[in-house]
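In the two complexes below, chain A is the common chain; its partner is chain B in one and chain C in the other.
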Partner chain A sequence: MRGGGYFKTTYAADLALVDTRLRRRALAALVFLLLVLPRVASPFILDLVAQTALAAVGALALNVLTGLAGQISLGHAGFIAAGAFTTGLLVENGLRSPLIALPAAAVVGAALGIVVGIPALRLKGLYLALGTLALHHVVLYACAEFQNHWGANTGVSVPPPALGPWVLKGVVAWYYALTLAAALTLALSVNLRRSRAGRAWMAIRDREIAAESVGIDVARYKVLAFVWSSAITAVAGALFAYHRAFVSVEAFGFFLAVEYIAMIIIGGLGSALGAVLGAAFVTLLPHVLDAMVAGLRLAGGAAYYLFPLKFGAFGLLMAVFLLFEPQGLVGIWRRVRNWFALWPLRYRPLRSAS
Partner chain B sequence: MVLTIEGLTLEFEGLHPLTGVSMSVDDGALAALVGPNGAGKTCVLNCVGGFYTPKAGRIRFGDAMIQGLAPYQIAARGIARTFQFVELFRGMSVLDNILLGRHRHMRSGVLAGGIFWGRSRREETLHRRRAEEIIEFLELERHRTELIATLPFGVQKLVAIGRALAMEPTLLLLDEPSTGMNREEKENLARFLLRIKHELRTTMLWVEHDMELVGDLADTVTVLDFGRKIAEGPPAEVLRDPLVAEAYLGRAYARERGAG
Partner chain C sequence: MTQVLATTVVVASLYALLAAGYVLVYRATRVLNLAQGDMMTLGGYFLFLVATAAPGEPARAIAGAAALSALAGFLIYRLLMRPMAGHPIFAAVLVTVTLGILLRAAIVLVYTDRIRHPLGLLGLANPARPLIGGAVVSTFDLFTVGAAAALFAALFLFLRFSPLGIQMRAAGEKPLLASQRGINFHLVFALSWALAGFAGALAGILYANNVRLDPSLGVLGLKAFAVALVGGLDSLGGVVPGALIVALVEVLSVRYGDPLLADVSPFLCLLAMLLVRPWGLYGTKEELERV
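Let's turn to the complex of A and B:
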């Protein structure tokens, strides 16, 4: 909901994303905060933000596929692996420039998107989930074969990306690079939502027959959703490879795919802001739990037994969000925002006289 | 003739919803298609819209044969439709639903939409204006940004008509638009149908159960019964046809009335 008092006189003004003075100031403050953060925060915090930003790129890409187009995918880790291994393969063969690796990852991702997208035309819901899960295993198998073939059973090391004399190295540089990548992906996602293709995807999600009746080529747009999502995801995978400086199949297990699903559900399905919030939540949760366990100062081996809690916490939180807050973190954010927008005249639900 | 149907026959595993139905709709006409439940009215619309593939028969739209085309191809040629149970995009706003009707008139793809600069932005503004005109035409202004799922059924029916009108169709297929509407909403609907006919000059093929509305508004009426055409012509004639009365009310009543 938008507060009263802002009267727009053109459709262009109504389409603007940052449309009020308060929003402009908030955005400026956020940009300023992100720019000066390296001056005040510790490298550990910066690395956490960078990891969150990288996760946000992947989550935003998955959100386009699942949240907008309504196509569930358990193959997300597979697409990330494809991007990471494309980079690894190129680097092994002497093509070190990110100007080659990133587009190549996007192309490989897009091609995989077509491979999955076409059978996905005949699959829905759980069957689609299983189909994409199959893709995950096929891609990981192929990656494992490559990894063994290179003779490096543990993985492939990737040197930092370099553009001429300029080398992307160090926590601060990576913080800026990944935050910028996340901001660009966010802008793309938000724009898609208010334009023709994004609307067509949401139409397919809501009602396929009606989407056809307004002239949307449903098959084409479903495949497009897979292509777009997996291309961006593969780019995220390439960034992951550069950031970690190392590629190994172990990093792309099924649990990673579940984490990404968790991000968009906990964040709020279909919302770009939700994907970012969910990415932050899922990335930071293990660290917060670690800090809490450390803070308890348990004697001896007790902390050791608390370790599995981290994995249990995901399942528990997913269930809690699905039950109590199906709109996710973004739903909570909307309620808080509305509370302030309506204050002090907020609406109180009627209570019975008893 | 905007639409000509010849010998349309539909078969589903031994069922024959339509047998040799022929009919045509004049340019600019409001043509009603009526019949008792299960007569095959919606089947005719589904064949014209491409949702069903007829076993035999030809459907001519303008100069082209359209039987066998996919629904989105038929929509792209300028046939829009509404559904009996609205089939709107429930998770989206009224405005977005109507903007989706503009889909076939817009061009920007995924990348242009993602970047949202220059041409794709101008296109969005331009079609937003067209969508607003439809919203004004159907008096939906106060519902503009509301989610479909929160709207009463009668309003949803109007939004569905708005989505179809936003396509600027040559032929508009309406599947029981008055179902689920109260008296006042039906009177509004009648007003809108007349405005669509006289101001937008859109040809309409209109499946309807409310005979009062049909009698008052339709230019021609085609009556189906058990998948066959039993009468057609101007409403005043057709609705007095003993065969039609029999189809609706049974033989005894028709005989009695015929005798009296």
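Let's turn to the complex of A and C:
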């Protein structure tokens, strides 16, 4: 616990990401659990974890932009589409190696980030959200044109990624690959937060004029936030293309962008843990509802209502979090942790602090 | 050529009806209502509801649907948006996104996602009408243009001359000052939402009769919102030129480009506007600093 009485005495301790013994043990336990999971869990569960990990990569990337730098984006699905279609385009042209596709997706994403980031310097808040929304539609239009002219009309199929003789195939392999990708993104985003850029972003998010007056180059760091975020997002899109083995414009609608925003809102804005929790929540929610409806064993017509019910439940939960728990799952987790840490005393946060 | 002009005016009228909803809500509460398109769908389904209950009475059905939609707008403000007062604007905007999701889910739950045509239920027909110069439009196209013109004229008179309209403008300009002068701004905000619901419903009712009714009509709302921005988010008068520009670009790109390009053309207009003049044709420049 990080309560009172614990002081860092060395620079090494100050730099450490995992700073207490309890945290080290918890992390070791988590890594162990993730390594052992394929031996005990069913392929279905492994696939769910893999999907969560993939969503977490995208959510962490959006969190860099919205949670840290405070720049609102409704165009996240456009960046994912850009990464996925970059992969599709390369595969169509015979460049199948992920060693080419993943960096290429990152470069395309970064370039798009600059394209959005520079006009975004003039825009704030809502207007920025609108600009990114418009860009999402433009990117999707470009992808749709590509799909109509070069791919098969319904989409582009992507073969599994191969490194020499080794081919990434099957649930377990994808589970390891995507979990690793999520872990790397998590480490990257936690470290970004501690870097010079991360501190600059948080300063810009909290008060732009104050940030500028202490010497932060606001324009540069805003564009940088877009570049980092969209590059990671595009890599997530490339992974998405490989994982689904198929790219089609229909998968990247406005609703996907809303889902990613829901992830970081439900998880808790600005927190890497929150992005992962939110990704898990949004990915697993439809399956949990499926299981609940299956458990109820309703009459034959019920299956039809499942889709709108899931859709509605998603909207309702997002609204509930926005209205009643703006700190998200991380806020709940922090309260629970403080309750245990301070027990039997109690700590009531100031109302204005929330 | 006349056909292009006629189609442009018709499309612009539909967009103007929708964009009026965006501007009304934005002027009052500084919230961009991303559920406006789904409120339009809701209006169309209210018409379907009333028409199934009492078939063959178009005037009463349309009046009933519009009234129900205005009531829905009021309830949305009271139940969802008022608790968001004091939260960041973007959180409120996201609440409208969830509202859109909830409305669409509710519509699919009740009416399934089948395409409906309330025209027959109302006992009306929609014959084509040739215009001077060789252009052909449908009867409901003409009604759409008429409805948009009537709505804008009524809104202009209401905001310019009626006490409540003047209060609305005051509350939109400076809510704090307005409330200190005794203006009940919660009433004004609720009225803005009700009017937005009404304007959206008009668009929905006309579109449902003219083309079709299905739960995914809401995507039109996103296009109309390019209209609101091109005209200026806080300018009701700017909606008309904004709608004409966006509609003209869209009609031309259908004619000389392809349908995919036409779908994206409102957003290209939006992006161009954001680059050149982010506050829109008739919006106020200070607006950018406020958000």
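Definition applied: the second predicted complex is superposed on the first by the 332 of 354 C-alpha atoms of A that agree within 3 Å, B and C clash if a C-alpha of one lies under 4 Å from a C-alpha of the other, contacts with A are read in each partner's own complex, and residues count from 1 in each chain.
Just so it is clear, contacts are C-beta pairs under 8 Å (C-beta built on N, C-alpha and C of every residue); 3 or more make two chains touch, one makes a residue touch a chain.
A quick note: this is a predicted structure, and the numbers were derived from the prediction, not measured.
Shared-chain residue A:210: touches chain B; no touch with chain C.
In the superposition on chain A, A:270 makes contact with chain B only, not with chain C. In the superposed pair of complexes, A:135 makes contact with chain C only, with no contact to chain B.
Once chain A of one complex is fitted onto chain A of the other, the partner contacts of A:21 are absent, as it touches neither chain B nor chain C. Within the superposed three-chain model, A:12 lies in touch with chain B and out of touch with chain C [touch as defined at top]. Using the contact criterion defined above for the overlaid structures, shared-chain residue A:191 touches chain B, although it does not reach chain C. In the superposed pair of complexes, A:149 makes contact with neither chain B nor chain C. Applying the stated contact rule after C-alpha superposition, one finds that A:39 touches neither chain B nor chain C.
Once both structures are placed on chain A, no chain A residue is touched by chain B and, in the other complex, by chain C.
Remark: chain A residues 72, 119, 122-127, 129-131, 133-135, 137-138, 140-141, 144-145, 148, 254, 258, 261, 265, 304-305, 307-309, 311-312, 314-316, 318-319, 322-323, 326 touch chain C in the complex.
Chain C contributes residues 32, 80, 83-84, 87, 89-91, 93-95, 97-102, 104-106, 108-109, 112, 222, 225-226, 229, 233, 260-261, 263-264, 267-268, 270-271, 274-275, 278, 288-289, 291 to its touches with chain A in the complex.
Residues 10-12, 14-15, 187-189, 191-192, 194-200, 202-203, 205-207, 209-218, 224, 228, 270 of chain A touch chain B in their complex. In the complex of the two chains, the chain B residues touching chain A come out as 49, 51, 70-72, 75-76, 80-81, 83, 87-92, 96, 99-101, 103-104, 106-110, 112-116, 120-121, 123-125, 128-129, 132, 163-164, 167.
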